[in-house]
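Two complexes follow with subunit A in common, the first pairing it with subunit B and the second with subunit C.
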Partner chain A sequence: MGVVFDAIFSVSVFLLVSIGLFVILGLMNIVNLAHTAFMAVAVYAELYFTGHGWNFWLSAAAGVAVTTLLGAIVEFAIVRRLYGRHIDDTILATWGVSLILVQVLAIAFGSTTTSVAPPLSGSVKFLGELLSIYRIFIVATVATVVAAMAAVIRFSKAGLIVRMVMTNEPLARGVGINTGMVQRLTFVAGAAFAGLAGTLLGPTQGISPSFASSLLASTFLIVLMSGRRLSGLLFACVAAGLAQTLFSAYGNPVIANVMVICTAVVVLRLKPEGLIWPRH
Partner chain B sequence: MSRHRRSRAVRLSAICAVVLSGAWSGPDSQARAGDVQPIKIGFMLPLSGPAAGGSAEGGQQGLRLAVDEINSRHLAARPFEAIIADDASDPRTAAEVCKRLIFQDKVDAIISQGPTANRMACNQAALKAGIPHLAALSGPGGMCIANLFMIGPETSQTLHTLVRQIVKDGNTKLYYMGADSSPIRDALPPAMSAAEAAGGTIIGSSFSPSGTTDFSSELAKIAAARPDAVIMMLMGADAVTFSRQFGGDDRVAAIKRADFLMTEKALHSLGRSGANIYSAASYYSSVPGEAGMEFKASLTRMYGEMAAPDVWAVMAYNAVHALAKAVTSPSSGAKEILEALPNISVDGPEGRIKISGRYISTPVFVGKTDGVGRVQIVATYSDVPPAAHCK
Partner chain C sequence: MAAALASRRTVLACLSAAALVGAAMTGALIGDAYVTMLLAQSFTYAIAAISLDLVWGYAGIPELGHSLWFGIGALCVGSMTTSVSETGGVLAAGADATTYILAAAVGVVLAAAMAAIVGWYAFSRGATHFYIAVVGLALAAAAQPAYSQFPRYTGGEGGLFGFAYEGFSNAEWYYVSAAVLLCVTAFLIVLVRSDFGLLLRAVRDNERRVRYLGFNVERIKIAIYSLGAALAGLAGALYAAMEGAVSAPLFGTLFATEMMVWVAVGGRGTILGPAIGTIALGLGGSKLSAAFPLEWSLFLGLALVLIVVFFQAGVLPPIARGLARAVLGSGHKAEQNRSLVAGRETAVPARDASASAAIEISGLFFAYGGLRVLRGVNLEILKGELLCIVGPNGAGKSTLIEVLTDGARNFAGQVAFLLGDRVEHQGRQQDVIARSGVVRKFQVPSLFPSMTVAEHILLATSNGRWPSVWRRTHAIGVPPVVEAICAASGLTGRLEEVAADLSHGVAQGLEMAMAVATRPRIVFMDEPTAGLSAVERAVVGDLLRVLAKSGITVVLVEHDLDFVERIADRVAVLHEGRVLEVGAPSQIAQSDVVRGAYLGSFELEKGDH
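This part shows the complex of A and B:
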């Protein structure tokens, strides 16, 4: 049972981190290599505010707000100049943004690893296993976010517009949709998701300016496996999370990391279109 | 927006990133005025990448303080000047950085605080050029290289002292949780011998790659093994990540922890979840004594609230003072320093260290974190000799 919950948690973490990347890549065709740097900004904002006496939840909300604002600034200053450009340009530009953000954090807060206390402590016993309450909270939050996102995309007018822009951007523009604004809001939303991931994972991690950077490669592969569909993202996270947990539990973490990459390679070789839910 | 202006935005962003990423380095301290040329020290440490975060603040502060003292009190026959460089936690970068320091900046000595692989990559150029290289950190023993001196305890001096203390306190079944690196893996067999010699045993081990964000599976293995204590040999942010997850996991709540590589600041940041963690090092800011107090006061005068009087600061500080003692005349250069270093001792903030072969005899302190992450000294070993013997 412990392994099952560990796998669920691992899938949730992959979902939490990759959802912002997924939104930006899926809608804008931009590979945002600054994603984990945005997460780092969020967690340092959280650290700053908790250090000034704010409670965790307010600090986390402030961290998300700071990252959302930063996303808007980066979009205005850099990313909007890259719309329609080759994907290499977006990789180079967002990588540059990432390096700048990491160094600014190092200058402002120092490079020493620190941490922030979790807001929920203790465990509950479930089927004989002790499960951390904070980890359960993360799993529940991720499930809620993914369900809400699916509902918005499937049932709301905003979701319809987003789907239309994703499917055929010139046509959407032709029928009067302000596609520039949709893209702008998408990047800001992606940054907000990075903020959410950073603030939620903060209490479980050592915090340094290169916070979560080791997750960037695996989550990028997950987004490639997703086929730019939310259902595909869910399947890709399940595949990566299972590979990570099972090979870690019954092998070792070094093999597990390699197996996540192998899983992505095999999936992309067999299903280059990604793990898309079949439509009839 | 024209294509030309867009390209310029991309290029500007990349240039700014490279400039800010630490690829640049420059003289850190003004040399004393006069005709005597300064001794240039190249100080290489990981300021970026996964290994950053350990020595970054303390190491630089200790180095700057020592250079300042040497120049203001004329403690060496030549003034000192330091150039700080980032090895980016990468051996290839470390090799390039060292070549630049030696052949372009013409440094007389190198002090480094990076992982073993970076140190060895750097030392290829230093050895070829006959430049003394002082590794100001704790590391594995048994490396006898003509120009390389460890100005920090070798792993056996601290780890074995720590293991003996834990076993002595009644924790006989131990689990070894390490980073997936050669020095950490190589430290396991001697640690097993030390545990057995003290009456304990290491019943299991795990190694995780750098940048691990989820230790659930390892914590499950530790819970299943039911040791009395876990020896944590993780580096940088991984050490804090593991401790945070360990502290929040009730499956391992009854198991004690002993950390070997976390900084005091990181231990402090753990707060209550970091209580009662054993640790061993050649220095803690809680070490009693006048020299230690003076060291902390000097760092606080220089850096105020940002002062980091930790073991990294002390090892960098001692390394610079060891070099100063080796510079005995205005004509002293790399060759003379290399000849003098094997007989030098330094009275540092932790007590006296003495270079013995290529390693040092040093005080070792075993500490335990209290409820707010401060390290309280529980045992002091005043002069622990190195196990490695280099001729």
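This part shows the complex of A and C:
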């Protein structure tokens, strides 16, 4: 039974981390390799503010705000100049941003591993398993975020614009949508999602400048497997979460991470368009 | 302009080579043991950098995991010259020279073989350009943590150490690595300047077009990917034998990124630039990274961002160009580089009177998704004839050509090519079809923007056979009719101009020249006269007649009906995905069926021209 709960948490973590990458890839066709570095910035901001006596929730909000601002700055200084360039250029540039951010954090805060206390301590007993309340909170938050996002994309006018830009960017521009602005906002929103992921996951693991970097390759592959659909993202995260949990249970976490990556590489070769339901 | 650049490039190459040799020689004279070893180490990095440049800069493959091959070479040497306990502790290290050489050879072969497998897997048709980047990144990201899982061979977390080859002094190591670097550099310079190097640039510029010239693009990419891996493995083996240490970070993404920075700083697509850049960064970098370990990594990131965003050509090439201009003066005149010479005629038997079929098409159906374009095409194309396919927009003319030159398309019906033996069309790839002598000229010119006119024609003449990896052809032997096409379309004096600078009409001429230069037996020409003036059109018409007379089967898609009447042997009318009527031009012009179905659109078409 414990494995099932581990799997649910693992899927939630993958969703939380990949959703920001997902919107950026879907709307801008840019792979943001600085995503986990943004998460690290968020968690260090959280650490900084809790260190100054703020409570956890305020610090987390501040962490998200800092990351959002950082996203806007990176977009203005770098990403804006890469629209329409070759995909390897955007990969390299955002990877460079990631190196810079991680090193700045190392210089400012040192490379030692620290931690932040979870705001919700304790656990509940459910079906004979002890479940951490904070983990349940993360799963609930992720579920809410994904559901809200699906609703926005499906029903709101903003969602309609998003779908237009995703399917046919030049045509959307042709009918008068300021696609440049949509893409700018998208990058900033992606950074905000990274901030959310970083601040939420902060209490669940050790914090160092390379925070979450082990998740970069697998979430990147998950987003590619999503086929740029939210349902596909859900599907890919479930697959990766299950693989991760099973290989961790019967092997070790390192092997599990390697296996997730290998699985994704194989899946992407067999289904280059991603894990999507065929539409007929 | 391009010609001037070409010769300036030669001078640049000489200058840089001199600088490289000079650096190699003077470094040892400094005599400082630390600097000597540092240089020797950066030479091994430089080998890795130029091998990455071959893959990334020349063939355009975004290789984000090149460290893997370097690591494999290093690990082979480490693993074969140490004995390790079950838990990864190094028990004994060191071996005789033969073992080191053998280990290096194993490393090179293993790296090449693994890269070939990865390449075979990743460079499938239909896999995006993006996929190999993902695979490289994923492999490096997976290899680094996986390293610690096999302590029996890798030494686990601590890695392997203490196995440096004892037989060389510092100075000897220096000379050995310098010699290997110079050999690899020379080898790669010859390779990229050869006709094969041209093919690599063509793949980078426009993969699809290379396929239609008869080349198996996947095989080229796998070969280059594998060669790059082999050289990186060699660099890793040399590094390991010299340093006597190997650990997980050598496999990781950070090291792979560092290699990309070396290449990007030195200038992608210049072999010498990355070599010099790596040595410079290695020298400066080690001093700086020793003094400021954290800031150095920060600097790497900044360099990567700045170069990608602002200095795409790299840092060294603009400096070198400035130097060359200072030495030569700006008005330097270049020599003519390549020229066309009359080669043998196309080896096609003269048109036989029996007029047997070259292509038999029956019941051909094809759809783009839900859009049914071809709905049962029945047509026989005869050997040596000039057949024009006419019909209004959307009739399926271009699609018919698309399907006939790509058997891997998902079509239904019978198509057979009768060139010698009867060959079923179904499932045959574009390059196989092109090699069998069936080529096409694209409706919208599809060229290699960075390559000159002469280079286009040179590639076309190979018709899918791999060109020489060391020879650089200057006199390109072409069928006489290619020279005529070049003269007619104004290409003759512009052989050294790059395709990006050509006007639409001239680019059309080049498309046609390429198609014919492959010495085809069947040519599909999609609107060869589009964008040409009336005079030029008349010239092209004459050339097409010459082609047909020489025994080549010419299938033409055309809108201009006057033009069609003047040159065609037969005309096929395509309407809503079916062949409405086939016959002599005069017969078609008189046909009531055609008139009935087409009157409106025919008149409009005439009015257009």
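Observations
Following the convention adopted for this analysis, the second predicted complex is superposed on the first by the 277 of 280 C-alpha atoms of A that agree within 3 Å, B and C clash if a C-alpha of one lies under 4 Å from a C-alpha of the other, contacts with A are read in each partner's own complex, and residues count from 1 in each chain.
In the analysis below, contacts are C-beta pairs under 8 Å (C-beta built on N, C-alpha and C of every residue); 3 or more make two chains touch, one makes a residue touch a chain.
On a predicted model such as this, the values are computed, not experimentally measured, just so you know.
After superposition on subunit A, the partners subunit B and subunit C are seen to clash. Of the two partner chains, both subunit B and subunit C are touched by A:214. Residue contacts after overlaying the shared chain place A:4 against neither subunit B nor subunit C. Judged by the touch definition given at the top, the superposed model places A:104 against both subunit B and subunit C. Once the two complexes are laid over each other on the shared chain, residue contacts for A:117 go to subunit B alone; subunit C is not touched. Of the two partner chains placed by superposition, subunit B and subunit C are both touched by A:92.
Applying the stated contact rule after C-alpha superposition, one finds that A:82 touches each of subunit B and subunit C. By the touch criterion defined above, A:132 lies against subunit B but remains apart from subunit C after alignment on the C-alpha atoms of chain A. Judged by the touch definition given at the top, the superposed model places A:171 against neither subunit B nor subunit C. Of the two partner chains, neither subunit B nor subunit C is touched by A:148. The partner that reaches more residues of subunit A, of the two candidates subunit B and subunit C, is B. Under the contact criterion defined above, the residues of subunit A that touch both subunit B in one complex and subunit C in the other are 78, 81-82, 89, 92-93, 95-100, 102-104, 106, 214, 254, 257. Residues of subunit C touching subunit A in their complex: 56, 62, 64, 121-122, 124, 126-131, 133-135, 137-139, 141-142, 145-146, 148-149, 253-254, 257, 260, 264, 294-295, 297-298, 300-305, 308-310, 312. The part of subunit A that touches subunit B in the complex is made up of residues 2-3, 6, 9-10, 13, 78, 81-82, 85, 89, 92-93, 95-100, 102-104, 106, 110-118, 121-123, 129-130, 132, 134-135, 201, 203-215, 244-245, 248-249, 252-254, 256-257.
Note for the complex: subunit A touches subunit C at residues 78, 81-82, 87-89, 91-93, 95-100, 102-104, 106-107, 214, 216-217, 220-221, 224, 254-255, 257-258, 261-262, 264-265, 268-269, 272.
Across the complex, subunit B meets subunit A through its residues 1, 5-7, 9-10, 13-14, 16-18, 20-22, 47-50, 52-54, 56-58, 180, 206-214, 216-218, 220-221, 236-241, 243-245, 248-251, 263, 265-266, 269-273, 306, 308.
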